[in-house]
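In what follows, a single structure is set out as structure tokens and then discussed.
To keep things simple, chains are lettered A, B, C and D as they appear, and every chain counts its residues starting from 1.
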Amino acid sequence: MMDQHMLCDDGFENVVRNGQTTGFALQARLPYYRGLGLSMVEDIAITVDGQAVAREAVRLSLRGRSWSLDEMERCFDEKWNFGEKARVEVAQPGGLTAGDHHVDIAIRYRVSYLPFVPTTRTGRPLTLAA
Amino acid sequence: MGHQIKRGVSLYSFQNDTFLRKMSLEDCIRTCAEIGATGIEVVGEQSFTGWPEVGMPMAEIAHWHALMEKYGTHPVCHDFMLDYKRVKGQMMSFADQVASVKRDIDFGAALGMPCIRALVSISPEVLVACASYAEDKGIKILIEIHAPLHFDHPWIVRHAEAYEKSGSKALGYLPDMGMFLHRFPRVWKQRFIRNGVPQHIADHIEKAYEDRVLSEYVLLDVREMGGTGPSLAMAETLRHNAAFEPKRMLEFMHRIHNIHGKFYEMTEDDVEYSIPYDEIVAVLKQGGYRGHICSEYEGNRWVEDAEEVQSVEQVKRQHRMLCRLLDETMPAALKA
Amino acid sequence: MGHQIKRGVSLYSFQNDTFLRKMSLEDCIRTCAEIGATGIEVVGEQSFTGWPEVGMPMAEIAHWHALMEKYGTHPVCHDFMLDYKRVKGQMMSFADQVASVKRDIDFGAALGMPCIRALVSISPEVLVACASYAEDKGIKILIEIHAPLHFDHPWIVRHAEAYEKSGSKALGYLPDMGMFLHRFPRVWKQRFIRNGVPQHIADHIEKAYEDRVLSEYVLLDVREMGGTGPSLAMAETLRHNAAFEPKRMLEFMHRIHNIHGKFYEMTEDDVEYSIPYDEIVAVLKQGGYRGHICSEYEGNRWVEDAEEVQSVEQVKRQHRMLCRLLDETMPAALKA
Amino acid sequence: MMDQHMLCDDGFENVVRNGQTTGFALQARLPYYRGLGLSMVEDIAITVDGQAVAREAVRLSLRGRSWSLDEMERCFDEKWNFGEKARVEVAQPGGLTAGDHHVDIAIRYRVSYLPFVPTTRTGRPLTLAA
């Protein structure tokens, strides 16, 4: 559910640190009807223009705190709230070119009472601010 | 026929609007008050932030009480989750599960709820171990009887036996009306067709559901018709065939303290397309049910790919239906 | 407590012996007579040759009556099949199905049966269309309520509604006690282990059945434990979770005219390992049931790969148990 | 069920017609708890020493009447009775050599009320009479 709202139109931008473009970021929502403790988010897979991003390159940040995907699975005191926009940063020296990119996202999350581990996907062109 | 059945809404119904911040908590509660649905149910982890991982959001709880006061509504139920798979590959221990449920009892109490909803996968021993704690807080723990389960399923029988043996009045049931799904929902069928199910296979599955055919036979039919992925997925919904009988609630009525008025599609005539609410309400009256029927709109996830979800309109239609079935005068906001 | 429950045997129980011609029809009937199980049930297409494709085997029918006379036994039920997929890729028409059932009514009548058993997959309309024909022949058509179905399954609810609406007393139920499977049968578990299920997975599934866990959860567990083919097959038996409650027969007792005393393993102590016959017989007494309990041994197919099937010994053990539960004096042939 | 009794020890022999060895035969039972009308027997697959036999080469005979597998599926007035030994003939010029052969058999049959079409298999060495 909420599939098409996983990706936000705003917040798709390059990440610049100390004058260096170290990667890019986008904003995402958890596609579920409630929030989940971070330890239950198993994976956030990002693909840009058909190129998959390595799991190790991805970090999630919420309200000033951030986690690698492995760290996130061991975090028991924070929550990706219902409808909350998280910033997803991808380390990629040079970042992306300005303009349109086709972005796909797939989030796998563990829900204790479901007899399967769902992965929800969506994808569409997003415009990277110059 | 006299009755004491009350109308309520689970804010779950407005999830597409609250997810996108099109409606605030106050918008939700005002809407409920306007349509005379004064009982409010929430999924705690949907309507409040941080709970339970971060702790109780005290400011939000205070805001909740202020809204209840302002709009003349009252708390009915906090639906809690118990994430017993919080640690990957590891089941939460019994003691930790009990402790977790007790925290949700506290959270329900903080919200002024008379009931909290336990998911059906929670084992009866955990709930029995929390019963006296709940009693002390004036809270009833209600297991949600939800399709594919039903009152005669062995898992529920086990719960029932444990509750009777416990002797506690703090343990009970919250039946979800989705288990009385007497027709295949039209919005499900349309979604499966959009997902790629050929019309003739969709028609066959719908008819088989109408005929109450055992799911295994329907799966064989669909395979023989050449059905693949989406067709098999549509047929597999029949594994959870849920056209059970409303009258089976009667035997368990003494422990039924809340009801999920699950619905998938209220038509323009204010009728649920697949769930027989006339029969349901008649059974509830017969059984002397005295709690709420809380709207739980779940058509949202079946239509959101194709159209904007009309949560408020759908809930209003259900309450027009409930006013009719409960012989209530219709509030102005519900009149067409 | 007084009762009018009678003991019988379905010759299905001796199938491994009759298949290999180690026991003749006369051997079967003599065995039943000796243990005081004077009611005889047959699967027509097992105990008689040619029926229905070739026609009625008149000499065999005459022999049957001679055997009833000789051994003091009496006909109870002919289990018929209705092969509605006789033509490949084509469902038999409604009219042909009705005609076929009528032929089995004739066959049952020729054998002197008061009842015939309809398989649960037959649609209620077909049986209703045969009801007055059956009445004229003094035959009751009994649908077998068999796991994974049960009295509260929507398909059976549909049958029940159709029977009540028909007003005919010729339509009824034949519950198979396999739907009260309160433990995972030991002979199933052992067979699955021989088929390659690792011990710890077999133990987990057995425990989950004991706990009445919804099958879908168990399937996920088994996948996460690395279970493959045979392990998944063992877990899938829980899809047909059949630990329903014997007391649910009470509501339907007025149409129950025969019972399949299904069993998988009678232990040396004359107890069924997985089916609670003490509880079952108590319910039957309470409901004033007046028909037979006919032994239906089905452990055969679970042990035949590893040992010689002991049909007669298993049936004898069940009748020792039934004598005990029915307060009957034990015939000499049953005494140890 | 009855799997290991599908193949009979007796009746495994070459078929000689007019002095010519035209094939071989074996005896088989239907692995089910009742008889079935022939139209519901969908296939009898025979393998000898790992070599599969063509479907067209197989005939079933019962009490003096015989059918190819295709003919059998259109036969509505005969029955393979419970426990009854059928003779299965395989056309194979020259037949088989005398002595031991590993024989596998798989019977597929359609049972109206089963939500699948079962195939039951067994196999073991049989001795062909010289």
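The criterion applied here is as follows: a contact is a pair of C-beta atoms (placed from the backbone, for glycine too) under 8 Å apart; a residue touches a chain by one contact, two chains touch by 3 or more.
Source: prediction; values computed, not measured.
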| item | value |
| --- | --- |
| Of A-B and A-C, pair with higher C-beta contact tally | A-B |
| Centroid distance [mean C-alpha coordinates] between subunit D and subunit B, Å | 56 |
| For subunit C paired with subunit D, centre-to-centre distance based on mean C-alpha positions, whole Å | 30 |
| Residues of subunit C whose C-beta touches two or more other chains | 121, 214, 217 |
| Shared interface positions of subunit A, touching two or more other chains | none |
| Contact graph of the chains (line, ring, star, complete, other) | other |
| Contacting chain pairs - touch in the sense defined above | A-B, A-C, B-C, B-D, C-D |
| Subunit B residues touching subunit D - in the complex, by the definition given at the top | 214, 216-217, 219-220 |
| Residues on subunit A engaged by subunit B in the complex (per definition of touch) | 1-5, 29, 33-40, 42, 73, 76-79, 81-84, 110-113 |
| Footprint of subunit B on subunit C - complex, ascending | 89, 121, 123, 148-155, 157-158, 211-214, 217, 224, 239, 241, 243-245, 248 |
| Contact set on subunit C toward subunit D in their complex | 12, 15-16, 18-21, 43, 45-47, 49-51, 53-54, 81-88, 119-121, 300-301, 304-305 |
| Complex interface listing, subunit D residues touching subunit B | 115-116 |
